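Below is the structure I would like to discuss, written out as structure tokens.
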Amino acid sequence: MKSIRQELSFKTPSRRDYINITSQVEEVLQKSGIQEGLCLVNPMHITASVYINDDESGLIQDYDDFLEKLAPHEPVSQYRHNNTGEDNGDAHIKRQIMGREVVVAVTEGKLDFGTWEQIFYAEFDGRRKKRVLVKIIGE
Amino acid sequence: MKSIRQELSFKTPSRRDYINITSQVEEVLQKSGIQEGLCLVNPMHITASVYINDDESGLIQDYDDFLEKLAPHEPVSQYRHNNTGEDNGDAHIKRQIMGREVVVAVTEGKLDFGTWEQIFYAEFDGRRKKRVLVKIIGE
Amino acid sequence: MKSIRQELSFKTPSRRDYINITSQVEEVLQKSGIQEGLCLVNPMHITASVYINDDESGLIQDYDDFLEKLAPHEPVSQYRHNNTGEDNGDAHIKRQIMGREVVVAVTEGKLDFGTWEQIFYAEFDGRRKKRVLVKIIGE
């Protein structure tokens, strides 16, 4: 069995952002030489998500609107978590709705994707350095 | 390490549908001969989910009601994504709520499930051919 | 390839509860001797979630409030699933929102986590014995 582990890092200029990281994950896979296996991609933080969907700007705005409607950032006092001095209570909820991680099949040395599948890093509490973990196992 | 990759395909007659695919995934596992490992099942499309829950018709209707309340199909103009000419903005959101994929343990050649766990394909933008990927690795 | 399978079990005194199970999963990993691989943790039941987030009591209360607002337990008659004689229709929905399982990278014999990542078992229909499956593959 082969395996590879690599971190990607991000510091978004705004509180929330959605970044297509597919090509960065593909680079890790190329480097590993793994032909058949499973690829896990997850944030190493708890106020961000990695998810798979379409790279279409209207859709990304729809996601942001939907999440902000379900778990609005303000008033920050509505979240007990913010009594700790944080203001990211909403970000912890948004992350659960969008999910933590993705697992992608690796087949013949490639991410085994349908036509429109793209991997995104969704940041809900940005403006600080965050890490994403890519771990691939296989042979 | 052994691995297998197989596609299932579906074309649902209605926009939304929920199909129990457990036995089809079990067939792929049998064919693979894998005894211990992990089994990934995911749609290759971005307006559908694979999830695990009970095969009970009332529950499925509860899910459908819940999703339609949170992200209604109409009016289609409420989603920016639909400005591209699509009418499936809601389906992209429903898919995120229900999740993309499942990962199931394989133990002694079987899907390692509790009593009520069943794998479902949830279609949110049907009436066209869609594919589901089953990838199993192990030995 | 090595693998290990172990069940954890829980019986919570209240209907809903959130239990940090990180150290129990770490024990299974230690026992396995696996250095590089993937670790799957999932409930074997369909009214519970395994998720990763912060171990902070205010946040856990925020999650519980959020879930109860989106899919309230009462009136139980609002869920068709409860026509079967159950009263856990809400629990099936809460579980989908929080997700079923987590997959965690194993690196150098440890769960490859960021600073605040902790694994939780979220029970939405407690007061009976429930099982959580830990399956790790790797070498």
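First chain written, first letter: the chains are A, B and C, and each begins at residue 1.
Simple rule for what comes next: a residue touches a chain if its C-beta (ideal position, glycine included) is under 8 Å from a C-beta of that chain, and two chains touch if they have at least 3 such contacts.
What you see is a predicted model, and the numbers here were worked out from it, not measured in a lab.
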Note to self: Leaving chain A out, what are the touching components among the remaining chains?
What the structure shows: one piece
Notebook entry, point to check: Is the contact between copies chain B and chain C built from the same residues on both sides or from different ones, judged by whether over half of the numbers are shared?
Noted result: different
Notebook entry, point to check: With chain centres defined as C-alpha means, what is the inter-centre distance between chain B and chain C in Å?
Noted result: 20
Item checked: chain A, residues touching no fewer than two other chains -> 1, 38, 70, 97, 99, 103, 137
Checklist line | Complex interface listing, chain C residues touching chain A | finding: 1, 36-38, 51-54, 56-59, 61-63, 66, 70, 97-99, 102-103, 105, 107, 112-117, 137-139
Check: Touching chain C in the complex: which residues of chain A?
Finding: 1, 3, 5, 38, 40, 42-46, 70-71, 79-84, 89, 92-93, 95-97, 99-101, 103, 131, 133, 135, 137
